[in-house]
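My structure is below; once you've seen it, I'll send some questions.
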């Protein structure tokens, strides 16, 4: 799975992709991204430490992915915090067919025009009806929208799922949001139903997080255990332990 | 807390910032650094893998931080090892008001003109009176100067503290020096007395390191435990376990 | 040891270098790479996330290393996956004297003209006589060639060693291949016999991997234990536990 992503959590994204059974590739040189993405099951675009060169590579890789019907996942990290991030997120959404948009409450709220608040890369909350905002934004973009939070909200504009899996400690470790986008990409690359794939991805990482929280003593050991537990997930676990409601 | 930092230890810096209660943001695109820093409690500039574009972003972010009285922490990684690093460190010190300069013995020795030796990013030692060198350098720059080592030396040019917390194994893990600068930034962002803040930061990470050393079996488990122990620190621990002397 | 490397596994490379007793430096600014490499025991060039600027820095650092007889290790990550990677690997091999080429089966197979298959950064296998391909490629390049795999093959064109140390779980953690190149660099920097150095490096990391696999529960705890076990290796262990055959 091809990532064009930030240099903060890139190693976590590579490892969680391996844990979930995918084959991560990180490549952003404009000379090679088309060729690299052509072999990928999915493309994850994460603007966590974007710069203008990287955005050009994202557009080039994204267009090739679109041409080949390879699903593109966008994580608009920090959209709303700076004009550049909001504009880049919207430019990628305008120029590319994005299969799944995955952000936190603030990011999705800003992009959806629903008044989300973002400070740095953290959501400062979103007022109003979360499920409604996500559903309408999915409808208007034609993408699956995943809004991560204490309860994750996932919608294709018609059907909306609420996922209660996960653990609060995930918010105290850098990279869990980016990792969620990578897991969404891995599932999207192997399941044509992107609503199901995105929901299963959030459920899976959430279950692994719940288990990791039980055996860990703080953010360091939690992160280590999150990789172990993600790799140890069985297909049966996901069905059995999913906390999914209709929204 | 906004970082413009190297791509080697950036993930460690993000996680230690979370562990100590801060909200890390890494962003270095020249188009957005002013806006990003305007929301931050502190700005950490770390030249561990500097390049010419990044230096321009550091200057732009630093000027905006200065304008808003947001404290700027400089970690002059490898100053003395190459001309570029020494010159960039001095240029940042000349163009910006730096609240805290945090380096190892070699780096501070070189910048202070006191004959430090640096090889790569490692201190090769500093002859002479450490406390005197730090005090004079703090006086001449108007910054708090933190020289990390077996005994950390911290001075504002008048008062000098020596911190004996910490553990030798911290030197065998990549990133502990960078993490110390992030923790200094987090404390500086929430305490107007920067001498106290810097000292408390070094004490805190040192105590966490002492505890982590007790439960770990090598550099891998030490690093994991360092995050756990930093997150588990109680305000009371810091006062009770601090090994601070006047220098 | 100076690395010009990718931003995915760079932290792992720094830490494994420390674990094996080396002093890692990562620096890629064209203004400073000559000066930085002049102090180094070895130079590791890893094209995992290459871009055109970085390639220029690799050439500049490599030429200075050659001038000073500092060994240069090349890890041609993803050669064969994209034209750019294959071309850059071959350009570095043409313009620089490379002491050790270390790649997976697919990468070495492609570069040797022996029909390796690479997808992303993963080997998709190599048909034919591995030892023969490695030996001939070493002969034609004048470099030590290390082909990592379930059995590692190492040759100087005359003598060929097969190393059976290691554990399958190493393939499910991002960065173990890059770390192997760093360990080769560390050994090459302190042993003039580069065939012996490269073999000892693979044996050492392999033994650490075997031990780490015994105490870990998944990829997260394995990676942590790999650092611990590498740092805990004794010279005696390597001789005693090596699984080396003539190929």
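Chains: A, B and C, in written order; residue numbering restarts at 1 for each.
Throughout what follows, a residue touches a chain if its C-beta (ideal position, glycine included) is under 8 Å from a C-beta of that chain, and two chains touch if they have at least 3 such contacts.
Not measured: the values here are computed from a predicted model.
Chemist: If each chain is a node and each touching pair an edge, is that a line, ring, star, complete or other?
Modeler: Graph shape, chains as nodes and touching pairs as edges: complete.
Chemist: Over half of the interface residue numbers used by both chain B and chain C, so same, or under half, so different?
Modeler: different
Chemist: From the C-alpha centre of chain B to that of chain C, how far is it in Å?
Modeler: 32
Chemist: Can you pull out the residues of chain C that are in contact with at least two other chains?
Modeler: 7, 11, 223-224 - these are the residues of chain C that touch more than one other chain.
Chemist: Which of the residues in chain B come into contact with chain C in the complex?
Modeler: 6-9, 11-12, 48-52, 78, 81-85, 119-122, 172-175, 216-221, 223-224
Chemist: Residues of chain C touching chain B in their complex?
Modeler: These residues of chain C touch chain B: 2, 7, 10-11, 14-15, 18-19, 23-29, 31-32, 35-36, 39-40, 223-229, 231-232.
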